[in-house]
Structures are given as structure tokens and as C-alpha cells.
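Both complexes shown next keep subunit A, but they swap its partner, so subunit B is in the first and subunit C is in the second.
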Partner chain A sequence: MTVTETHGGGTPEPENAAPAARRAWWRSLLADRAAAPAMLLLMAIVLAALFAPLIAPHDPNANSRAIMQPPVWSERGTAEYLLGTDSQGRDILSRALYGTRLTLLIGLVAIGIGGVIGSTLGLLSAMYRRIDPWIMRINDMMLSFPAILLGLALVAVAGPGVLPVIVALGIASIPDCARIARSIGIGVMGQEYIEAGRAVGLSDWAIFRRYLLRNSISSIMIFLSLRFGQIILIGAALSFLGLGARPPTSELGMMAAQGRDTLMFAPHIATIPSVVIFVIVLCANITGDALRDVLDPRLQT
Partner chain B sequence: MRKSLLYGAVAVALALPASGQEINIVREVDSNNYDPHKSTARSASEVLFMLGDTLVSLEPDMSTITDGLAKEWEVSDDGLTYTFHLKDGIKFCDGREMTAEDVVYSLKRWIDPETNSPVAWRAGEVKDITAPDPKTVKYELKAPFSELLYQLTQSFATVIDKNNVEELGEDFGVTGFNGTGPFCWQEWLPRDRLTMTRHEGYGWGPAFYQNKGPAHMAGITWQIVPEENTRTVALMTNQSQVTQYIPAIALQQIRQAPNLELVRSDAAFWTYFMGFKIDKPSVSDPAVRKALNLAVDQEALARDIMFGEVTPAYSYISENALDWDKTLNDKLLRYDPEEAKRILDEAGWKPGEDGVREKDGVRLAPVAYIQSGSTWQKLAEFVQAELLKVGIGMQIQAFDATVFWGKVATQEFDAFGMSYPYISAGDALNLYFLSQNMPTPNRMNWDDPETDEWLAEGRHATDDATRAAAYAKVLNKVHDAAVWLPLYHEPMTIVQSKELETIVPHNIYGAGLYKGLDLKFRE
Partner chain C sequence: MAEPVLSLRGLDIRFNSDGHRSRVVNGIGFDLMAGQTLGLVGESGCGKSVTSLAIMRLLASPPAEIAAGEVIFEKRDLLKLSERDMRELRGGRIGMIFQEPMTSLNPVYTCGAQIIESLQRHSGLTGRPARERAIELLELVRLPSPEKRVDDYPHQLSGGQRQRVMIALALANDPAVLIADEPTTALDVTIQSQILDLLRDLQERTGTAVLMITHDLGVVAETCQAVVIMYAGTVVERGRVESIFGDPQHPYTIGLMAAVPRMDTRRGRLAAIPGSVPPPWAQVPGCRFAARCPLADDRCRSEPPGLREIAPGHEIACWKAPIEGMSEMETHS
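For the complex of A and B:
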């Protein structure tokens, strides 16, 4: 009985308010003139990357003897290679599709690792104030390592590859994420329903899962969506430095690095992957911004 | 944006000299030091040839030995004693007169175990080096060494000043260098630039130079510009007047540039290849190595990746190099992917699910170590794509120059990418195929008593025919075993400003300008 009473006490339990809020959420997101096209574009890119093996007109790793073909819209371009070929004679469109796939995968997995570990740590320190100083001081130490440096160190130990880059990016996202989760969590822990939950004898695990996590998750997700763009950018930078995917695997940052040598003669080789990175990051950032605008209750009032 | 910033930075950095009789030479990498006995880098040799002199010199044809510090020399009939007679009036940059004792000191330091020089073997099996009088040097060997005079033209045999070495200690070749060359050390800012000024009293240049000294140039700046597009722009905008480090892709454009001239020599003995560790599970099979050689289209590589500026290679040394066995020409492995597949099928390497072949649980996916940087990245990816077409899944691992040399001294890899300068078959074969040179530079683990014996026969030969015959046997054996995959021979290409008189490109150790005595502005 008491439990239902506390629930009815006007505290924002998202589960109960769900149907109405969700509709509004979608509507205001689609009404946003920047967010809607950005989201559609991002979705198109994700789908294209997902179905790369079906869409790609050529084998991304096969070298043809037609090197440095310009894209179709330039004078000497052909429909055979819509975006032209690189200096090894590989189809840039196919490589960009596969490359986007890998770039997105690196970003998603890294943000997943960083998000799960980081927010767990942050929320735990919000809940148990005794371990808070310990976790946060370690966190501060981790904050002082830039992702690129961490990537370099990991690659030095493990050798270049996609996995060390993902791990480096994941680890690098932990401290930021933990900080955000902690501050959100502390706010939630101050709410009356937590005390009420304790009063009815809920276990720590139940409080963590039912109140703390559910009330913090949307804010954390917003942060992660904003962070996603950054992670992709750093991932591409690491690949650009030759630390990421090993040839012949294509990755957008690596494609840009390889095109650098021929920038004066065949600028499309470096430009196309760079533009794709730019578009992905821009779309991810705009979408993240819009999500924050519609989801963050503090901005609504 | 980044580009324009770079060009801007170069413009500022290079704008300083180029007035009067001074030039800027741009190049890709710096050396770790300029001590002739402690660096094998081409970038060290380039500078040392100008700062110092050797007893004998090599003409641009890469085969004629001519005078250097020695005006003449005699070789005893048994090939064991070389007597050099020095020119008169040779002085170090600090003004001190050079004597035979200085030559003895320099050569002895080269072979001294304490110096721990990686190139000590190049001096032969020395019995003793002495100076019977101040103008004579006697070089005595335990066994004849047919390569000796060629080796003595290299920068490793540069004559240095004992006082200078002792005074500077560890900093010799870092903070200073006192030599007898046409130019004198001024300053070195590592990974930025090295400056040198004219040696005013110089007048003992080799006979093949019209100008025996002093040099026409009052000063030379060697500027490091790692980015290849930036180097090209530096030449086009006359911020630099000479370089041999222009990417192949830009050469066509350079030819059309009104202010630039391109000189080229095909007698440059510098070959790019991939070597295989012959005791590793996959590449230990001679059939695999043969198939590797057949699967790669060197002609397409030379045309597409190097823009036709290089010669496709099927042999391990240039076919123009001294002691190349011409009968091998017809036996070299040339592009034939169908034959490669057939050989692999026959040897029992069956394609797996992903197209990469397997045999007895071993995947045909050799790991190749290469030096990071645009050249090897491009070469390795080309080779990788070619090999994949016949079912060989080569994996590439690139390392920065600072760790690469350590990595290729290990036993971790199956293949490696390398390029090297040489002057003759003997020079190349003794470097790479002697069993005592394992694990490096004999990174293939080519451990064959017969080869060692033939190589010794070649080294100890006192006449040309015996030497050529001995090296021919080794050439046949290693080509037959397909220990390497040759890629291309790189010619010496120098791009120069038309303000300068046309340069005769040299090729010694890949140092295109050699002593720099003919560098001169047009009048």
C-alpha cells in the first residue's frame, strides 16, 4: 500500500508517464528543422553501411589496373567507378561503404564499452558515497590521459589493429561518462522516492535498478549520443596516424591518410572519406543536440 | 587548410638563404648521427661525402675507381697488400695538415671492435694498416678481398680527425665534424637542417670532376621536409634548388615546369624487394615462394604505383651491376598468376573458405613487416592485393622507422620489405646471404655452407673471371630458391633548378650529389 502511495506522490517516474511523453518527444524531434534531415541522413548512412556487401559495386580490396580514376561528375569520370578509384585502383565507393561500416562499428562498440563501464562506476559512486572519493580520484587520473596518447600506448603494446583502437576509445570514454553519471545520480539520490524506497525496505540492487538507473539513463544516453561524434573523430584520427585497421581493410580515417600523398593530383581520394567523416560527425552532433533539447526536462521548463 | 599551413611554414623556413652562392637541398629523413662508422643511413652518407674524403673515389659510371685522397695506389700480386700514395697539401677544415697517420687512425677505428661499427665487415679481413711515411698508407689483408677498393670509396671509409673524435667523444658527428671534404660542418639541428660552408683551401677533388676545388657553392643547407607534396612545392617555388626526393607521381609535372630540370641515371643500383624467412611454416615451402614471385605483376607496379619512373625488377640486383650473371636473365620468374595457382595446387595448398589457401592446418597468410611511410605502404598493399588473387593472404604490419630496424632483427615475421644500395653482385650477396650475417641483415635465415664457401671464393678472388664465376653460382642458387620477391630497381632521379648548371647524377650509396663539387649557378 505504502509503495503505491509514494508513487502517487508526484515524483517523475518515467515509466508511468511514458506514452504521452514519448509521442511529444518524437513530434518535437521531427519538428526540429535541423534534426530531422540530420537524423534521416544518419539513418541512410547507417543503412548503407549495414548493407555494404549488397550495395558495394566492387570488391573493396581488389585492385584494378585503372588507378586514380576521377569521380563520375568530373570530366574523365566513368559510371564504372562512381566515386573514382584510389592510387591502388580500388573502387572508392565500395571502400567508403565498408569503411563507414568499420568506423561506425568502432564508434558504437567503443561508446558501448565506455558508456556501460563509465555510467556503472558513476552511478555506484553516487549511491555509495564511501567509495565515491576512490572511484573519482582514479577517474581524475584517467581523465588526464588523452585518447590519442592512450591509443598510441595500446598500439605500442598490442600492435596496430581495430581492437586496440576500440579498447583505447572505450577506456577514454569511461571517465567523462562516469563524471556525468555521478552528477546525475547524485541528483536522483537526493529525491524523496529513494528515501521512500529505502523506508519500505527495498534492497540496494532494487533501488539501483528501479530508481537510480531508470531516472538517469535518458540523460546519460544524451551525453553518449553527443560523445559518439567525438569518438568517431578520434577513431578516424588514430587510423589516420596508421594505428587502426590493418590493410587492406578500409577505414575512413585510413583512406584519408592514404589519399594525402596524391592530394595535389587526385584530391578526391582524400576528400571523399573526409567528407563522409564530416557528415557522420555533424549528423551525430545535431541529432544529439536535438535529443537533449527534447528530452532534458530542465530545458523544457 | 593543413596543406596551406604547411606550405606557409616551409616558405618561412626556406626563405632565408638561396641568395648568392648558397643552396637549399630538401630531403625526406635525417640521420641518427654523422659519425661515418656509426650510421648506415643514406642520409648520413649524403652529407659525409661532402664533409670528408676517402682514399679512392668512384666515378658516376659506378665501376671505375679513381683518385681520392690517394693520387695513386698499387696492389700486390697476391692481392694482400694495398699501398696508397697520398696527394700533397691536404688539410682538414680546421687548417691542420692531414697525414697518413690520420688515414690509419680512421680506418682502424672503423674495424676496431670497440667502435662496434655495423659496417666493419666492409673493410675486409684486415691484418694491419700502417703508415710507413707521412704520405704512404699500407693496407694489409689476411685474405684477398676483391671488393676492397669499392668499399674504400664508401662514406664509411671517410678520413676523420683523431683530435676531433677524442675532443667531442659521444658528440662526434653530432655537434661537430672535422673533415677534409669540399665542405665544412657548420651546424646540425636534428630533424630540421644541417648547414655546411665551403672549405676554402680545398683543391684535391677526384679527377672526374671538372672542378677540383674549392667548391662553387659558398654554403649548403640540407633541409628536412618529411611531407612529399611539400618538397615538390618547395622545388617549384624555388625555395629549394636541388633534391632527389620527389615522389614519382610529381615527376611528370616537374618535367613540364619551366624553372626545373630533371636528370636521371639508370646506373643507380638501388633495389626494392620483399624477403622471406625460409624457415617459417608457410614461406619455407619453395613452391610458395615461387608462386609469390609469379603472382605479382612488377610491370603493373612500376607503371601504376611508381608512375613508370622505375624499372620493374625480376632479379635481386640490377642486370647492369658488376658480376651479374647474364645467363640468369631467361630463368627469372615473371608474372604468371595461372602458373602460380597451378604450383600452389600441386604443392597441396588448397583454397579455404575465405579464399586463402591452407595445407596441413597452416594458413597461407605470411606476416610481412614493413617500414611505415607512403612508399612501403603503397608497395605492400599492391603486393597484398596481387597475392590475394592467387589465394595468398599476406598480412601487413607497418612500423615507424625508429622501431622498424629492431623489429626486423627478430624472428617474429615471415616476410619483410626492404630496399638497398649496392655497387656489385659481391657487395649485395655478401651483405645478405652470408650465414654469419643472421639474423640481420641476413633476415631470411639463409644458412647454406655452400653459399658461404662460394662467397668466400668470390671475396678472395684475385682476378675478375674467378670472382664473377663464384658470385654467379650464388646468384643462381638464391634466385632458384626464390628467397626474395624483387619489386623494382630505382634509378637516380635528381630534380634541380634551371638556375643551376646541369648536374651529373651519381649513385654511390644512393647519394646523388656525391661531393657536390659541380653544383654551380649558371652565369
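For the complex of A and C:
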């Protein structure tokens, strides 16, 4: 935001350019050559996953006699199974659609858990410097615990399933979120309007909610969007290791694992879900980066 | 008129950090009379802003610690109030405006919403009446087209306009005391005089007592009736504005006056006081200004001078007072 004039209000001033520049953030996002296609692709993937039951040509769990059929573009491929079938004759396109759905859901819920708890802790320690060292030391301890190990431990206790994976990923993202939220929060707490808010007699709760949180949330969301890609990757890795979704359900990481045995004869079974994971993570990262560039003035120099 | 609304008595403020125990404010005291504007003057780091934050109990502790003293406001010692009672006073009976209008408003809410928030908090106004009162306040601070501006976000306003909004916010609940912490420092000169005019005018209309914290003697001359001059955390001189400007007695005040650039003497370099303020952790046995004072002798360096009255309503902390003004200073330097 730049304010180009400073006459104190004796005369009415023309509308200044700042609000216009703010309104057009999505415009500059679209002008970004890397971000625009990435964002559109990500949106397409999300929509396809969301409407999987409508789009999927087959039941993702139904076996057929066409076993390990290659995708349509190879010699023996058929239009019946666009992306071929796996070793049990299930349609890979349908499974990939449902799998993406589950993978995205795991990522979203996990980042939601980690984001809410992490940023609350981070902002609290930015606001109350007395508890800051305590929260941050516990945070450091959590930070030294890899997400995969945490996932293994939780699954060992609770048995494999989607829920333990989500919880593990959520817990694993708390320390990072707390750290980022804390540093963003400390920047906001240093602003004069916090003091001005106190000088108006606001309670700590009002300062936290209306001043600190509202002014930090956009930067935190940008961090979460960057973190989303990593979470999906770790979630897929956990499923690949057999800790996540249980067999008939499709999940991208698990699909890749199931294709591992037949990698020599039918490479598409493992490759297609892996490529989908790759594309999702890449698009999420590029979009997050671009969002940060466009929306976060703090990082502009 | 003779009744003080806000009295500081022997206020001691310390900062504890990294083992340093800095005495930032040493036993300062003054009375702010009803309907009066009192200028608290001193250079950067002399403890002006810390004092104002201490009155509002907004100093972060740690590191700050109010070691001694009283802040009497409407017969209560603010330093002994509970946090809850203190919150009632902040923005209610005591308003405050800050140095940096560009960053003093919450950027995610409209100006109106911030004024309404304060009205809701203290006067219990909500909905339509609160909005109307907010517009009325913006009109009071002469913001153009207030009924439109009330829905503007801070970034849509200029610095001067934001400071007007800050003033409206501070005056929202008819405070008895308005603390203005360098309200014009961040503004350019033409806006400065507009804001000062506005403050003076509002004070006449509302009868609010104003504590004007500034390093600008021009601001003091324009707005204040009484002055307290601070140096390195102590009060060195206080009195009515005419007596201090007409007959400054403390060598520091005299130095400050001489350092004000003047239109009529264009020649030569600007006058300055040699040396610098002792850091707050320095143990100075005598007068804290002694190291920079052209008149200082052994007594000044070993024994701290207390405030004493040298003329009715004019007090000074200097062993050498009364001094015959600048001529004597110049012969010594």
C-alpha cells in the first residue's frame, strides 16, 4: 500500500490507487505464467475428485476379467478402460479419481488439524511472551520427531486406517505451523495498532481475535497452502508403506504400492497414481508460492 | 481549574534486561489540571513515552517495572487498580493517541468499526446509534464527508486523516484526560499545524485535559499552558509556559531553546548541546546533565539537585539557578 498524498483532509482527496491494486490480486495471479496453469490444473483435479462418483466410468472396487490391461494409448489398450486396469482387473481411472479424493481429504483434514492447533499455539506464544519459551521448547521436541515415525507409532497403537494417518499428519504439522504463526504473530504484535487497541481498553481476547488473528491469518494460510503439498506426499508415503487406507478402498499411495509387484509387466499400474501425486504436489507448491508472492506484502522487498 | 485531574508522584520506572537494571524514569512528578494542556518535553530516550505508557499501564512487564510512585487519576491510584478496572479507564476516561498514525489503526477493520468497537466497549452504544455517534465524531475531527469515510479502511486514508480518526477514537467516550504521544511527529509540517489546531479547538470545546508529549518546543508554544522539561528520566524544570519560555532557568532548557532554528538569524550553524544523554544504566551520582553543562562544578557532579521553586509556579532542579538566561551560559561556554 502506498499513500501518495498527505493533505490532512482540508480538501477531499481523489480515490487513491491502493484499493484497486488490492482488488486485482487474482488478476496478477493469473498473469503469472507458472501459477495460472498450475492453479487451473489443481482446480480441475479437485473438481474431478469431488465429482468422482459422477465421472468415474466404473465401480472403483469392481473386479473384471480384463486384468492388467494397459492404457488406451498403448497397443493393446481399449477405450473401455482409459487408463487400463490393475492386477485385479479394476479400472485405474476410477480408482485414481476416488484415490485422489481420499488423498486430498487426508491432506486437507490433516492440515486443518495442524493449522488450527499449530497457529493457535504460535499466536499465543507471540502474544504471551511468558509462555513462549515453554511452548517453543515442546515444539522443538515435536519438531525432532519425523512424521513417518509418528505415523508408524500411531498405527502400531491404533491399527492401520485413514484416521491414524490423518491424526499423525496433523500432529506432525503442528510444530511447523506453530513456528511460522509465532514469527508472523510477533511481527503483528510489534505493530503500533496492538498498543492502540489496548489503549482503547480491549480485553486480551479481543486483541487476540480481532487484532492478532485477523492480521496474521492471510500469511498463515499462505504457509498452509505451501505445506499442503508436503502433507499429501507424506500421507501417500504412509499409505505406500501400508499404514493408511485398508485394501478395497483406493488411495493414491496405496495404488502405487499395489503396482510395485507388477512394475516389470504393467508399469502403468504404479506409474499413473505416482504421476497424479506428483502433479498434485507440484501444482500445490507452485500455487502456494504464487499466492505468497501476490498476497503477502511482508515478503516483498 | 485548580483541581488536578491527573497527578504523578515520584514515579520510578526501571527496565530489567540481560542483567542490566536501567533506571529509565527517576521520581518524576507533575499535575495535569482540568481543562489544561501540559507539555511533557524532552529529547528521544528521556522517558517521555515510557511515562505515558506507565500512566495507561501499558508497559510490558517484564522488562519494565514501576518501582515506586503514584499515578492519581480521579482520586484513585492507577498503579493499584486491577487490570479489569484499568481496561474500563483506557479508551473510556483516558484516551490516547499515538505517534504513528500510519500503523496505529487496525488495517483489517474500517475506521467506523474501530470507533464503534470502542463505543460499544465503554458507552454501551450499538447498532444505528453507535454508527451515528461514530460519524458525529469523525465530523468533530473535521474529516471530510464523514458518512462515507466511516466505511473506509485505514489504507484508504492519508496520514493526517488517519491521525484525525485516531483522535476521534480517543475522544469517543468523552475522556477526562487525553494523552497525545507525539501526535504530530510523523506528519508533515502543514498537516502538523492542522492537527494541532484541531487538538486545541477540541480541547476548548470538550474541556478535556491534554498531556502533550513532544520534543518539539514549537508544539508546546502553540498548544500548552504548562510545561514539564525532562532530561534522562528526571524532571529538570516545570512551570507555566510563559515563565519557561520567557525565562528558562535550567541550563538544559536554555540549551533547548537556543537549539530551535530561527527565521531571523540565518547565519552560522544550528546551535546544539554538546555531548549526549547518559545511557539509562549509567550510575550518575550528581545532576544527570552535569557532563554536558557549561556551568557544572563539583557539587553538580556529586549531589543530585532536587526540584525547588524559584518563582511562583516555576520549579527547577539545578544548583546554579537562578541563572541570568542565555548571556551567562554563553560567557561560560
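We adopt the following convention: the second predicted complex is superposed on the first by the 276 of 301 C-alpha atoms of A that agree within 3 Å, B and C clash if a C-alpha of one lies under 4 Å from a C-alpha of the other, contacts with A are read in each partner's own complex, and residues count from 1 in each chain.
As a convention for this text, contacts are C-beta pairs under 8 Å (C-beta built on N, C-alpha and C of every residue); 3 or more make two chains touch, one makes a residue touch a chain.
On a predicted model such as this, the values are computed, not experimentally measured, just so you know.
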Partner chain(s) touched by A:191 [first = subunit B, second = subunit C, both, neither]: second
Touched partner set for A:246, first subunit B, second subunit C, both or neither: first
Contacts of A:210 with subunit B and subunit C, given as first, second, both or neither: second
First (subunit B), second (subunit C), both or neither touched by A:183: neither
Which superposed partner A:262 touches (first subunit B, second subunit C, both, neither): first
Which superposed partner A:201 touches (first subunit B, second subunit C, both, neither): second
Contacts of A:74 with subunit B and subunit C, given as first, second, both or neither: neither
Per-residue touch tally on subunit A - higher for subunit B or for subunit C: C
Those residues of subunit A which subunit B touches in one complex and subunit C touches in the other: none
Interface residues, subunit A side, partner subunit C - complex: 1, 3, 5-13, 15-16, 18-19, 22, 129, 191-193, 195-203, 206, 210-211, 214-215
Contacting residues of subunit C [partner subunit A, same complex]: 53, 56, 58, 60, 87-92, 95-96, 98-100, 102-109, 114, 117-118, 121-122, 142-145, 153, 155-161, 163-164, 166, 169-170, 187-188, 190-191, 194-195
Footprint of subunit B on subunit A - complex, ascending: 61-63, 65, 67, 87-90, 159-160, 242, 246-248, 258, 260-265
Subunit B residues touching subunit A - in the complex, by the definition given at the top: 3, 228-229, 232, 247, 249-250, 253, 300, 304-305, 372, 374, 377-378, 380-382, 384-386, 388-389, 395-398
